[in-house]
Amino acid sequence: MGQITLKNVSKSFGATVIIPEIDLTIEDGEFVVFVGPSGCGKSTLLRLIAGLEDTSAGAIVIDGRDVTGEAPAKRKLAMVFQSYALYPHMTVAKNIAFPLKMAGEDKAAIDRKVADAARILNLTNYLDRRPGQLSGGQRQRVAIGRAIVRQPSAFLFDEPLSNLDAALRGTMRLEISELHHQLKTTMIYVTHDQVEAMTMADKIVVLNAGNIEQVGSPMELYKTPKNLFVAGFIGSPKMNLINGAVAAKHGAATVGIRPEHMQISTSAGEWKATVGVAEHLGSDTFLHVNADGVGPLTVRADGEISVRHGDTVFLTPDPTKLHRFSEDGRAM
Amino acid sequence: MGQITLKNVSKSFGATVIIPEIDLTIEDGEFVVFVGPSGCGKSTLLRLIAGLEDTSAGAIVIDGRDVTGEAPAKRKLAMVFQSYALYPHMTVAKNIAFPLKMAGEDKAAIDRKVADAARILNLTNYLDRRPGQLSGGQRQRVAIGRAIVRQPSAFLFDEPLSNLDAALRGTMRLEISELHHQLKTTMIYVTHDQVEAMTMADKIVVLNAGNIEQVGSPMELYKTPKNLFVAGFIGSPKMNLINGAVAAKHGAATVGIRPEHMQISTSAGEWKATVGVAEHLGSDTFLHVNADGVGPLTVRADGEISVRHGDTVFLTPDPTKLHRFSEDGRAM
Amino acid sequence: ESITIATVNNGDMIRMQKLTDDFTAKNPDIQLQWVTLEENVLRERVTTDIATKGGQYDVMTIGTYEVPIWAKQGWLLPLENLGADYDADDIIPAIRGGLTVDGKLYAAPFYGESSFIMYRKDLMEKAGLTMPDAPTWEFVADAARKMTDRAADINGICLRGKAGWGENMAFLTATSNSFGARWFDENWAPQFDQPEWKNTLQFYVDLMKDAGPSGASSNGFNENLALFQQGKCGMWIDATVAASFVSNPKDSIVADKVDYALAPDTGLGKRGNWLWAWSLAVPAGTQKADAAQKFISWATSKDYLALVAEKEGWANVPPGTRTSLYENPEYQKAAPFAKMTLDSINAADPTKPTVKPVPYTGVQFVAIPEFQGLGTTVGQLFSAALAGQMSVDDALAQAQSVATREMTRGGYIK
Amino acid sequence: MARAVSTRRKAAFTAAAWLVAFVIFFPILYTILTSFKTEPEAIAGFSLFPSWTAENYVEVQTQRDYFKPFMNSVVISVGSTLLALLVAIPAAWSMAFSPTKRTKDILMWMLSTKMMPAVAVLVPIYLIFRDTGLLDTRIGLTVMLTLINLPIVVWMLYTYFREIPGEILEASRMDGASLLNEIVYVLTPMAIPGIASTMLLNIILAWNEAFWTIRLTTTNAAPLTAFIASFSSPQGLFWAKLSAASTLAIAPILIMGWFSQRQLVRGLTFGAVK
Amino acid sequence: MATRQTGTLARFMMAPSVILLLVWMTVPLAMTLWFSFLNYNLLNPGNVSFAGLFNYQYFYTDPAFFQSIWNTLLIVVGVLLITVIGGIALALLLDQPIFGQGIVRILVISPFFVMPPVAALVWKNMIMHPGYGVFADISRFFGLQPVDWFAQYPLFSIIVIVAWQWLPFATLILLTALQSLDAEQKEAAEMDGANFVNRFIYLTLPHMARAITVVILIQTIFLLGVYAEILVTTNGGPGYATTNLPFLIYRTALLGYDVGGASAGGVIAVILANIVAFFLMRAVGKNLDR
């Protein structure tokens, strides 16, 4: 069980309003990702749900129970912190056992549950180590272990992978997804990493300055962003946004086209462009070009393409993948 | 000017040999990237060049002058540290001016050069701030500013972007490339980030346990890795490496195929595979599949593909993009 | 029943602690708890305690200075149960006089002392002089200058210079008496502006400059003792108890060359010697007055003297309290300075200490509560004069104003 | 800076450092040496080679039993330190993890209480102690020293606690720990190095406190400071005996300090090091 | 972090310390304040009467008053100068690679463990004594007249003794600070061409600013109250040369037993200490907050 509802929740620190007013429902078993630029209030929102901060107004309801005034420990939620927040003086086993010990479970039950969690997370061989003797990924897993032993009604993750290097991040990402498949517990996951949001979420909540810009599945957000903010935020590299004449031609204030949705040719096409920096990644090449009458664009091309700084290329946007936005930034 | 040659350079700490023996020439104006797994000796090599460590044997020659015994300050190199190593109590202007002041330049010259550097790096508005009041990217730029004012014969960068978040890393990456275009000074850049190495380097040096595994342009390494180590290290997601029967069929101990070099179809193909996790990034989808008789593979598919956990797909590797490796791991 | 006894850390007191088995054997129901402290700290502690009625002590070791003041405050119990065979009349009258208030004995002397001259016979001879039994200051100064041989590290005279009411001021006050000076006139007006004081201080400073050791302004009893024992002083005017130290061959290289003379005078009828007794008293607040008196009676009795003589030899008997001791031939034999000590003690008169009349008692102190603070402050000034940091005139002028200020505050000067 | 340091350079620095260390340590060394001299030897001029007599120690011990004041010193300094920690840990916790606008001011105010000159309040304190029956009791002295050192303890702990990431405490809260559990199981063990160094410093300060320990005790609770006071400047030669007594009084704390110096050094930062 | 619950709890947890210190601060202070308005001599307890501001006037007009304040400041400033400069020098020295570093450090920190009266006794009797002191022996060895330290340079001697006791403390804190200096910063400066002196001036010293602040703050608190060393060595003299405020109060309280006067002195000292503290916090608080 783990249905979480925020009703008119708002939060201010002193006179600064961080979260103006939010309504949100998270269904049981869902994997919800909060994304948004730095400082938009993602962590604050998570901490409100956890009970680590007081709401300024509104109610938080978990499984039908109003928990707004309750202490964190009572909410049956588990949280994985960005810094992992492991207890450095305890062994891995003790770290994982800590919540059970606090709940007053008996020794045998604790041992069994810790062993289970360790098995699931591949930590069995490390149970006697201290966090200081573990690698980043292992620490991460201990933090998750500490969260899962209690069988909480929901997990809260605050940028749990941001301290890891790229390779490890990929692996851990898969592991967490795997875990969600296995446990089917509600998870709320904060990140500002594109890839994490897109690959892990059932539902993405895009936040901007404390407001919810759009809620939907990753592909929904990718394909039909509700507004310019979401359009610019989801997708990597960023969607190209074009104003002026080109946009007007399509009857919009702004049109957007993703780098991967343009045909590139050395001979002919809709837009003529000069190549600036070409980033060869092997698998792909990202061309930073300047298109006449359009402006700077990023285009994704094949990894094998061989163009150089200063070459001229021709681009043809896929008209079905064109996004149109009105004056006030809303999708049309 | 900035030609750097290492002749038979080796380095041990006590009894531990970190760098067995290395020969390397870096041409004037080149952008050379050192990559390799953690602990392989990248930083050590850079510090040897900088003069922050003594060589155990061998010679370091800069622009034809043997500098092996010289103090760091005399080598006319500038270094940008991973932690930036800014002077926390000095303003940005003072930080940038510091090397000039140490060189005894007069006030007017210093001011002019600082202003120039600030302009190039877009720091003009921050000159009076302290490092503590800057964002990560700005700090990074101050560190670079401190390096460029002196007009060194070469820049040394030790993982300068690893402390930044993904988005900023992308921006700064471009900025450094830009800077290299502008200044045309030799740059040696240490990283373990794939993307950085591939996109920035004129020449990549792949290190492994203190040995040079391969030196070449990014595309050279991508297309023709000399051995299994380089093949596995360059490219993201990693090259799929297949042993056993499939490899034998191609007359090799191991064959490698990159995720982007396989055709995917729901109807027919060379290998039949079951889909595990599908990571939808919007622009692409990474399928983690298990191919019968081959093993687990990662495949890159179109962003629009709609397959689910458990579906069956068929894969056809592009035979021209197949890499063959002998028993001892060398490319054939 | 256990009683707490506060004592100073001087040799005689420490010896007493070692001998308490004798007391506890005789009084098995009384245990003794000792608090041994350095003199200044002890004085501070017991004064605070008695004045605030802290009740921490049952027996206190106090000096001739405190007894009359405290007795007047009613802080001390009169010693009326010392036992039949105590023989209070045997106590040397001068000493007893200082401990008696309104006819009642408030403290029993444990040891008493005056001051006299200790000098080196050999050096005196070398200087071609003979020390009379009762020398004048003139003679002493002359002898000191003649004996001085700085090259051989010999100083003609060592005198106290360290600031403190019980340090340099004890010596200087006693000396000033012989110069006809006094602290206060009959109306409590300070007298430092009078020529007698100027003479005293100038004489002292000049003499020390010509014939004193270096660093004299920080020399107290112990420092001078060490100097004398090492043969670096021709003469030393200080407490009579020092005699047993300087004549002890174990510590003193000049033990066999010492002789003694009365403290000098200037012919005005008063000698420059003082009178002091460390005495045991019972604070009024104690619950254990009987036990305390039993202890005091034991510690200051003739039997105790005999006990010490038996265990440690006659030379180590606490001096200066009982006439009978000085009549004991064994003691006279063991302590060659015995007669001179007794003469010195008898030469002091705490009730009429000065040439001109004064409203106070005390030879080397003024028995008023304010004296400790005032004496120390004046001592600092005189010590500065000795160190050459201040002129004699300035020191006296400042002393005069400080004293006037203090006496005014105390309500002595209306 | 892992460049090879030339041995000559190292030797030069070694010589300089040892020389300075010797000069700084000399007064203590000389005290210890003097304690093994005879009295006449002690004043006979500079000599680093005593006759190694133990006579002074025997004398000191017969004059005044060492063990009781030693035990009092131990009990009082350790007791007051533990008591101070008990009171200060919660306070430091709330200052570090739930700071308000006034937290800094409160801290500074606490420190300023240490600036009150002790002698000025001797009589009031003596009266209070007299009336509460605390004179010459270990408890009284322990409380006194606790109060004196409390501000420093709070400050030190506060600076250590501030370095502990709040997230860890929050994690424990999420894990269902009550406040007491949070402090007992998480905060305190994590702050052990800091707490240990605070303890050490305060034991040293309490051990060396020489005003109240002398003025508020007589026999039962008198610690080593009072022990020393019974050997300073009696009549007669006392330098060697005083040295022996001094050596006895400082030896325990000196040895403790030597053995725990790493711990002490590590923690002695008062938040001065970031 | 701060929810209402934890906030309330925090206040509650802080209460014991605050209340204890408040009681400790106010009760004796209130009594002191009360006594300061009385004619109250311990040796004359029957004669207590209201004195108004007389005690203050009396204390203030004490001939040693101004000099004692001056001496108090001189001791604080003198000791701070010696310990901070000496501490920096020592920290730099101990930070170098040397043989036997552990032992050297043990030796250097030892004075911190010596109780102040013992330290004073040792210095007075065995080091600075003009007759038997080691300094005197050294002077004589060179054929010089031994210096009578406490008579000729009394305040300086006191400062030396107190500085000796506090030097280890300063050294330790500064050394820890020094060692926390980021190695990469030093290397960066080296690459930038800064020599040892420049690195010290531009890098090390600013880095240690905070530690120096802490040393100043803590030591000032203790140095304002120095008196045991004076009592044991010079007794405030010669003249008033080494009488500082605490000693003046001591003299009033425990030699004159003038409780009223000493209380007035105590109140004055508290006010002065708070003025010092105020300026100190102003100057220093900023530095601490960083």
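For clarity, chains are labelled A, B, C, D and E in written order, and residue numbers in each chain start from 1.
Note that a contact is a pair of C-beta atoms (placed from the backbone, for glycine too) under 8 Å apart; a residue touches a chain by one contact, two chains touch by 3 or more.
Just so it is clear, the structure is predicted and the values come from calculations on it, not from any experiment.
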Touching both chain A and chain E (chains): B, D
Result of counting contacting C-beta pairs for B-E and D-E, higher pair: D-E
Most distant chain from chain B by Cα centroid: C
Separation of chain A from chain C, taking each centre as the mean of its C-alpha atoms, in whole Å: 90
Euclidean distance of C-alpha centroids - chain B vs chain D, Å: 53
Approximate Å spacing (C-alpha centroids) for the pair chain C, chain E: 37
Approximate Å spacing (C-alpha centroids) for the pair chain C, chain D: 39
Residues of chain E touching at least two other chains: 1-2, 42, 131-132, 187, 254, 290
Two or more partner chains touched - positions in chain A: 52, 71
Per-residue multi-chain contacts in chain C, two or more chains: 44, 48, 52, 226
Residues of chain E defined as touching chain D within the complex: 1-2, 6-7, 9-11, 13-14, 16-18, 20-21, 24-25, 27-29, 31-32, 35, 42, 90, 93-94, 96-101, 103-119, 121-123, 125-127, 131-132, 134, 137-138, 141, 164, 167-169, 172-173, 175-177, 180, 183, 186-187, 210-211, 213-215, 217-218, 221-222, 224-225, 227-228, 232, 245-246, 249-250, 253-254, 259, 262-263, 265-267, 269-270, 273-274, 276-277, 281, 285, 288-290
Residues on chain B engaged by chain A in the complex (per definition of touch): 162, 165-167, 170, 174, 177-178, 192-195, 198-199, 218-219, 222-223, 234-237, 258-260, 277, 279-284, 286, 288, 300, 303, 309
Residue ranges of chain B in contact with chain E within the complex: 50, 52, 71-73, 77-79, 81-83, 85-90, 98-99, 102-103, 132, 146, 150
Complex interface listing, chain E residues touching chain C: 41-46, 58, 61, 63-64, 129-132, 145-146, 148, 150-152, 234-241, 243, 251-252, 254-258
Contact footprint of chain C on chain D as seen in their complex: 39-40, 43-44, 62-64, 122-123, 126-127, 130, 135-136, 214-215, 218-219, 222, 226, 229-238
